[in-house]
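Take a look at the structures below.
Look at the two complexes coming up: chain A is in both, with chain B in one and chain C in the other.
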Partner chain A sequence: MAENQAFIEIDNITKWFPHKDKKLLHIGQEKQWVKAVDAVSLQIRRGEILGIIGESGCGKSTLGKLLTRLEEPTSGDVRIGGVSTRELIRRDPKQFRRKVQIVFQNPLDTFTPRDTIEKILMRPLRLHHIGKDDAQRREICLKGLENGGLRPAEDIMSRYPHELSGGQLQRISIIRAMFLEPSFIIADEPVSMLDVSVRADIIRMLQEMSRERNAAVAFISHDIALTRYISDRIAVMYLGKIVEYGDADDVIGNPKHPYTKALISNCSSIDPEEEQEHIKIQGEPPTPVNPGPGCYFAPRCYKACDACFKKYPDAADFPNGHYAVCNRTADN
Partner chain B sequence: METVLEVKDLCVTYQNKSRSVYAVKDVSFSINQGDSLGIVGESGSGKSTLAMAILRLLPPKTAKVTGEAYFQGKELLTLDDASLREIRWKHLAVVFQKAMNALSPVHRISTQIEDIYRQHEPKATRQEIRQRSQELFQMVGLPDRVYRLYPHEMSGGMLQRVAIAISLLHSPQLLIFDEATTALDVVTQGQILEEVVRLEKALNTTRIMITHDMSVVSASCTKTAVMYAGQMMEIGQTRDVLKRPMHPYTQGLLHSFPTLTGERKTLESIPGSLPDLSVEHAGCVFAPRCPFATDRCHAKRPAARQMEDGRTVACWRYGGESDG
Partner chain C sequence: MGSKKYRGLARMKEAFFLDGQFRAGVIGIIILLIIVVAAPLLATHNPYEYGPDNLVAPGVNGHWLGTNHMGQDVYSMIIYGVRTSLQVALISSLISGVLGILVGGIAGYFGGKVDLVISEVINAFLMIPTFFLILLIVALFGNSITNVMIVIGITSWPGNAKLMRAQALSLRERTFVKSAIAMGETRMQIMFKYILPNGVFPVVANTTRGMAGAILTEAGLSFLGLGDPSIISWGQMIYAGQDYITVGWWVSAFGGVAIILTVIVFYLLGDGLNHVLNPKYSFDKGGK
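After this line comes the complex of A and B, so read on.
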């Protein structure tokens, strides 16, 4: 496959959840929907890391689950190498689960607490018939742990998850994902539970996966500085929609959407001499129950005009594939 | 300037039947009126324990606290319960990480505020309290209707603002924020930090901010203290400590933070992990993970030493012998 071709194609994917109304009687009322992910289209190339940022409740984790088909989309599709994931998972679920891996936020919840690390690491290898026999699989595990900086590997293998630190466990969950040589990895807030001094290792492992093994990576996070650091491209989500997309440096260095601007301006820098002007936006993101018809961000936007409330804006294009879904990008 | 809080050689040891683990060891610092001190450290560095010890919130059966902590001349650690009640909330208030857990879920905000207010002003009328909370709500940017709401009717950001407003009820001289903005979204956090800094100037309060996020400290504190494994590594003016870190641990921490602007410097981890705090370490507690460690570092613990710019560093690379 050519380098520049999209490997993962997210095509108009939508996930609606039924909204549970607190009222007892809703006869004659139309059913309400929470639009967690609303017509999202994105592409990821091989060897590329796409950062997805947004505040809590914007639907970024739901998007991650849709990509792995842990959730069935309401409409739309995800294609890997041109083939729909629906088709892929029907044809060969085991192969699909091998090629698409997800790393979750809390490593303590990822592992069975009553299994040793050895058991945890060996299981996927056995399931996918990697290695001739258990002795060889053990070798693979030990090597993986050594390479991941978990030494002494023999000792680690005999431990239980609760005996290891969060950083170590998260490294193990990435190592376990790497054994299966996935071509698409979704990392859902992989470092937000970890201490800063051990984050860099996890980040480096993810970068290696994408560069050396040519895997596509979706990095979901609320940490903007970190996402800029790791990603090639960044998509900003607000209430289930992508509001801005482009090269990481373009989006962070030269944001076009008012929401992205507000997000970035409210990020504190670690440089105490850097003076910052915080852009104020009112309130917090509402629940996406029947938003619209205008721009979803308009009620909180400091630039909104009448047109913004009437119709959902079209994307405004900028160089390098950078776009922002906003009416008011021109007068910046 | 008047010293609000002075802590001397504070140690906290958690004990159970079989062993004891120290969480805070020989920590000394002082804060002047109007200062804001950010205490940063990773999980397990003892920063929260330090705050809890100062507030006397640790269970006396399992946590042994030694040392001294003077708050406006009063020794907090030996104060009797009645005098402690007098100080709490009136002079010394705290905001915790999870405001949703700090507020009672079955009472309206109004009831809770009245309750707290009457602890120190038993004769206060409803109107008085209402008026006072109205002022405070305005300060922290909350709509007035919040007063009649239950906690579950509000978002996390609003609850955190309520918690901050409540902590300010009696205009305390010292405020302690224990990861008070950590659970919030970027935009809300940025706005609350700005509010807090502004309020502080207006009310001339002193603040201790406990956090793991260096950027929070950089945005809102005048002084920074870095803790590791229960010990104070470096303390000084924020612009000195964060711009020109001296202690290898501070340097390591700063290297592992990505920046939002400028070129992408390679992030570096600090190799290794926290030492076992149940055993006594002869040398510097950071030495096993320190890239500059020498034999001396492993053999003897460096004393905190004052530098020319006023900061204090505990490291053999910068003396460490003198002063004690």
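After this line comes the complex of A and C, so read on.
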């Protein structure tokens, strides 16, 4: 496959949840929807890490679940190497699960508390018939743990999840995902619950995995500095929509969308002397219940004009595939 | 390879020393089990044998607790009655536990329409006056002890099912279930490997308490004359003794005491298990 061709194609994927109203009767009332993910289209190449950032509640995690089909999309589809995942999962769910793996936010809850690490690691191997027999599978597990820096591996294998730290468990989670040799990995805030000291290890493992296996990675996070460090490209999400997309350095170094600008300006710097102008955004993010009709960010935007409230803006294109969905990118 | 035991065992040990209820329950059940195994050694007479002494008071002629109107030794009957009570308790709660766990687990995990239908069935069963249903079935299908056990089992599962359903509902949202799906496990594998083993413990505690109810139900049936006449049961002793209550109080009274003690043991054990299996429960009462 050509290097530049998109491997993962997210095509207008949408997830609406019915909104539970507290009122008893709904006579003459239209059904309300929470648009958690609203027509998101993105592309990821092989070996590329796409960072997805946004504040909490913007639909990042729902997007992650849609990509792994833990949630059924309301409409739209994801294609892997040109094949629709809808088709793939109907034909052979096991093969799909092997191709697409997810690393969750909370490592302490990722494994069933009643099994040892040995049982936890052996299970997917057996399930997907990796290795000839149990002895060989055990070898694979031990080697995986050793390579992941979990030593002594024999000792780790005999432990229960509650006896290990979050960092160790998250590494095991990644190791387990690697066993299945996935070609698409979703990392849903994999380090946000971990100590800063172990974050670097986890990030390195993810990077190695994407490089060695030439896998596509979707890295979901609210940590802008970290996302810039790990990602090749970045997509900024606001209320279920992508508002800006481009190369990591372009988006962070030269943000075009006012929301991205505000996010970055509020990102703390190590240097206390550095002069930084914080852009204040007022209020909470509005509820994603029937937003619009204008730009979703307009009510909080410091640059909004009348046009912004009337119609959802079109994307403005910049070099290198960088785009921002905003009317006011021209007048900076 | 020295694999470590699950912390549940350590917690049981801790609970045994710190939780008075659990300790009393465990000791009580051990005593009951010893009586079951060693009944022939502990009994002074053959409880099925009609002896020459009719309705003698406690202490007379080596009858520690007296005899009934047929000359059967009350003490030996009580010893042998433990077998009946425990048999009823275990088998009926096994039926109720397994039924409840499976039905509740399926309802909670699969959700949607399956849950809707099953929940209504559970509610319907909860509405039925249980004891009346048992009476009806025993009257229709005969009063063998097997029938009694099965009937108690299939009328007491809805409570367990409700509990298991709630467990499954919360477990299926946990990350480890999602990650199992992402690993490619099928729904059945997730149900039996992840949902049931992690959600079963409150149901176990509830079932243990349900055993006390089963013993009481069996005694109640026997008291109404619907017990199995070919076995020795405490309920029947009370039933048989009521005609002679003014001249031979001991026939009914000791049977009643035995029922009360056994029921208390199962309640203590069930409550104690509830403490042990609930990780949020702390054994130090003072809150150090």
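Simple rule for what comes next: the second predicted complex is superposed on the first by the 332 of 332 C-alpha atoms of A that agree within 3 Å, B and C clash if a C-alpha of one lies under 4 Å from a C-alpha of the other, contacts with A are read in each partner's own complex, and residues count from 1 in each chain.
We take it that a residue touches a chain if its C-beta (ideal position, glycine included) is under 8 Å from a C-beta of that chain, and two chains touch if they have at least 3 such contacts.
Everything numeric here is computed off the predicted structure, so don't read it as measured data.
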Three-chain arrangement built on chain A, chain B and chain C clash or fit: fit
First (chain B), second (chain C), both or neither touched by A:His128: second
Which of chain B and chain C A:Pro93 touches, first, second, both or neither: second
Touched partner set for A:Glu139, first chain B, second chain C, both or neither: neither
Touched partner set for A:His278, first chain B, second chain C, both or neither: first
Chain B versus chain C as contact partner of A:Asp317, first or second or both or neither: neither
Chain B versus chain C as contact partner of A:Arg199, first or second or both or neither: first
Apex chain A: angle to the C-alpha centres of chain B and chain C, given in degrees as a multiple of 10: 80
Overlay on chain A, chain C to chain B nearest C-alpha distance, Å: 5
Contact set on chain C toward chain A in their complex: 1-4, 6-7, 174-176, 178-185, 193-194, 197-198
Touching residues (chain side chain A, partner chain B) in the complex: 55-56, 149, 165, 167-168, 195-201, 203-204, 222, 224-226, 228-229, 252-253, 262-273, 276, 278, 280-281, 284-285
In the complex, chain B residues that touch chain A: 42-43, 155, 157-158, 185-191, 193-194, 212-216, 218-220, 238-239, 242-243, 252-254, 256-261, 264, 267-271, 273-274
Residue numbers on chain A that touch chain C, as the complex places them: 65, 68, 70, 93-94, 97-98, 100-102, 104-106, 109-114, 116, 123-124, 127-128, 154, 158-160, 162-163, 173, 176, 180
